[in-house]
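Listed after this line are the structures, all set down as structure tokens.
There are two complexes below, and they share chain A, which is joined by chain B in the first and by chain C in the second.
Showing the complex of A and B:
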């Protein structure tokens, strides 16, 4: 167990934006909420999965919906309390700890808000090690954990509890509720006991996010190359360096979908990079060649500061470095690739790990 | 308490089709299920609201969605058991009795199926005294009863439990779940204790449906005018007599919507009647004059047999009598008209009771 405060929250938020791969929602609002909660309730207890009692009731939680909407309709906080009441009365058991189901983006922060305000510890683990747009895209799911009972709640006070036959149905049903609630809602799903968390989650991912964030912060202080530091901490690869020249973006079916085009900085080349996204950046391609694809992580960093840029933050003229980060090995299994690989998102590409794509091209 | 069997089920189904005002789903599938349940489990106990213990847990239940879809995707029965399990584990209490929330159409039958197979009594009461297309259109709602917790479940095994801030939100959220589940699902809502049922429901409406059905059956046996008998039992009015010449029907947003046009039988007049429907028949108009409108009941009966014809049963050439039946007085309050009057459905008409419209025109 360790306690975290303002500095750690800032670092986690920064790192989670890198792991958010452009999506997952800008953690900014979540960060403000977490800082406010720490101000009000004191430091947050972070525990590792191994510290959990085997029968502890652990509730992964966060938001669902289009991050672009989240900016306009921030959570009130109340909705999560309502979710927890629903869970506790449905399961007849008190919640022992909260946990992110997604360490990328705003969903790294919301469990911290709840942990502080409900005086519960937060588990240093998640189910993605990054951000993904759909409920079933969790290593929890790969490990046979059910997303149900799943609770969706809005800032008005509506809650919905789903018991779906599988995790794809949990996604479908919860997504419709979220859209009806205004395209952004709070969710709790993959409720587990302690022993399930130990065997079915990705451990120490909050700490991993914090390390990434800290490396960017320290690089600035020390006048070091922040992008290089991020690549070191994440064991990632530089894919492309350039300037954003086009963003094609729409909100469709509760997702922010589109394509970003980046022009190389070298004035003597016409090379460009395109990145397809559906909330998250999913496929980076240049000169007809795929450079990195889901479930590996694609992240866009500011060329000067190394700070991550979300898809909604991408602007014409942004000077950036696009990096690729190897995903957790669990995502590289047959089931992992079927769940969150390029084929699932409709891209005509067979998954090849980013390190092979990059090294193969050297 | 009385027990009912095959004959009563047949009569209730027939009467409920009249009260279904063209919608509410043809009770045919529900009737078959109820007959099968009686065959298997024995007679069904029907109790009046006054016989309920004040703290009895009473669950109004039925289906939601487009009746046209129900015909293609009949309920499996399992979904209702799943709903009840969800309710019991959520409320921590056993269900004492079931009840129709709608005595019109198929939803008169489904509580009977459940009553038989779960060996629970069914309460002789409902919340409409007819059929209506939306969840909040219940005298329960007019009397301040919450539709939540509301459960939606499908034949695949998915269930959703909603706690909505009001009954319009219960409608919105449950409707989206129903559409996602395939445009037809089983629901349980307006869960009440016995004392609430006593004060907030329409009493003896199953018996009323049975009386209507019996009058049609007996008229046939006695070679009497069945339409006249129905008008006597319901204190209704003949609005129009003619032949269906056009049906404009589409399934939209989970509803069967459209307009039926009926040509008068008198060959020397060009008079026609149009009926607008949204699952139910809502507004009957002829010669620029409204003859009957929601919340009063509009029903189409076969000219020869007096048997009701549902909107999905209306065919070109059907020879029919359109009748208007005064609704329960609770629907004629300001709140009742706001909830289910012509304005709510987008018709530019102020509500006038059918008896005034008819007598005023005589």
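Showing the complex of A and C:
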């Protein structure tokens, strides 16, 4: 168990944005929420999964909905109080701890806000190791954990509990409720006991995010190459570097889909990279060859500062480095690829791990 | 009878003034040191340019001012209004309270009266809760006599400004019609905290705006000038005095914008890169369709995060007064230190003791300033190396601003532009227009009047085409209301960004319309 405060929150927020692979929502607002919570309620307790009792009740939680709504109508911070009452009376048990279901992006911060205000510990683990757009895209789900009972709640005090027949249905039903509530709501899902958290989650991902964020911060202080430090910490690969020359966006079924085009600079002069995204960056290609694809992580860092750039933040002229980070091995199983591989997102490509693509292409 | 216009722009070092005739030709120009109180410098420049031009005061019909009063007030935390801040949207938003990320010294001054009221809207225009009018009335009575300016921000007001407008009614009803009420839907776009911050700053600047405008008007009167007065905005257009007093925050960063617009006009290029070399820094911007390309990053004003549209600029620490230090082994450093306005005293060519970029330029024969014999002794080879390094910094900055590898025209303005050579990497040509030294004042004088709307629309409601027509019409109406010629108003910029995960095809649409001043003949 350790306690975290302002500096750790800043580092986690930064690292979580790298793991957000271009999506995951606006990190700034989530960070401010966590900072305000710590100021109001005190430091946050972080525990590792093995510190949990096997029968402890653990609630993964975060936001579902439109990132634009989050920055325009931030939460009250009290949404989950009613949810917890609902969960505890439904399951007949008190909640012992909270945890993120998505460590990439703003959902790394929301469990921290909850932990602070409810004085509960947050477990250093999550279900994605990155960001993904849909509720069934969880390692919990790959391990047979049910997303239900799932609770959706809003700032007005509404609470909806869904008991869905499978996790895809949980996604469908909860999303409709979220939209009615204003396209942004707090959700609790994949409620587990301690032993399930130990066997079915990705461990130490909050700490991983913190290490990434710290490496960027310290590199700046020491005037070192932040991108290099990030690659060291993540054991990732530099896929490309250059200047963004085009971003093509359109909405399709509520998702921001598009392609970003980057013109290479040394050592990638004369080359062009395209990245397909659906909020998150999913497929990076250059010269007809795929360099990295989901579920591996693709992240864009500012060339000078190493700071991550979200898909929303990509602009003409952005000078950036595109990196590929291997995903957790659980995503590389048959089930994992079926759930979050290129085929699911409609790309005509067979999954090949990034480390093989890098070696194979040179 | 000829009709003239006077344009004045306040810079960091100098306040420039120009007089243009009705064909926008420069008749006279002056440079005057910027004074600490800013207003004296404006008056001096105005008086000088008028005397030099010999034009009768009665023929000057339009006066345009680009000033730093508001920027300075925020940065220095001085002369700000005592304000109240009202946020409508409770219980939502309480996890990030007003002033949460605002520097303490500013939140102490401006955050004394903060109120969170129930109300606000969802993304599709539904109310979150009805507006708590009782609470608003109570609040208004509490505030009466304590503040003269209020900032009101409501959740999703870019979609529905109903609650903000009603709040303004109530506040004025109780606290008097003279109360200045800044509502966020008229100031910023989507992004609650950034828009709220911009609205707070706006409310705090009302006093400064009034003083600045009154000062300018009485300076004109002192010179017997009876002209229509306009203030420059940060998007390169003008606003009437009434508009400026309601929206003072729009004057922030109009200086660099004026410089860009002036350069574009003087060179005759609507699409180009502009390099403005001053005493201490070189600012590089881009013009698209005669208007400065806007930065889409969150803009910080005085340490406060806002979502303003500011010109996309890159600044390099190289100017006429940049100090060059030569170390052992012919190693050297270029700036960022600069002698600034003390150039005429400190530079070698003026008999001073400091090697500056100006001295470099003179020694290498690139400029004729001061006494060249005073730099004749310097090692030419070393100077060339230093010069090449300096220029490569500028070229790198130009490359950052380009959006494609195609060479583009580069326009040089600013007093220090003699430093830049006639050929630059990435430039299709390098242009030094006449009157390059007062491009900013010219930019202020030639500006058009604009109107802009930025709202979220659900395209499914009216269909894309009708929605765009509606948006365009609103923008044009706004421009005309601000003083643009209805017959010559056009759409200058359109941007539409689809919003993800929101049904109804929610799109953020921004339209800017602009036209020359009405009453032009």
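Here, the second predicted complex is superposed on the first by the 352 of 362 C-alpha atoms of A that agree within 3 Å, B and C clash if a C-alpha of one lies under 4 Å from a C-alpha of the other, contacts with A are read in each partner's own complex, and residues count from 1 in each chain.
As a convention for this text, a contact is a pair of C-beta atoms (placed from the backbone, for glycine too) under 8 Å apart; a residue touches a chain by one contact, two chains touch by 3 or more.
Just so you know, these numbers come straight off a predicted model, no measurement behind them.
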Which superposed partner A:302 touches (first chain B, second chain C, both, neither): neither
Partner chain(s) touched by A:92 [first = chain B, second = chain C, both, neither]: first
Partner chain in contact with A:173 - chain B first, chain C second, else both or neither: first
Partner chain in contact with A:164 - chain B first, chain C second, else both or neither: first
Chain A: partner with more touched residues, chain B or chain C: C
Chain B versus chain C as contact partner of A:245, first or second or both or neither: second
Partner chain in contact with A:156 - chain B first, chain C second, else both or neither: both
Which of chain B and chain C A:51 touches, first, second, both or neither: neither
Chain A positions touched by chain B in one structure and by chain C in the second: 156-157, 179
Chain C - residues contacting chain A, complex: 89-97, 100-101, 120, 122-123, 126, 128-129, 155-156, 158, 190-193, 296-297, 400-405, 497-503, 505-508
Touch list for chain B against partner chain A, complex: 82, 86, 89-90, 92, 156-165, 169, 172-173, 176-177, 179-181
Touching residues (chain side chain A, partner chain C) in the complex: 29, 32-33, 35-37, 65-69, 71-78, 113, 155-157, 179, 182-183, 245, 249-251, 254-256, 263, 279, 313, 315-317, 319
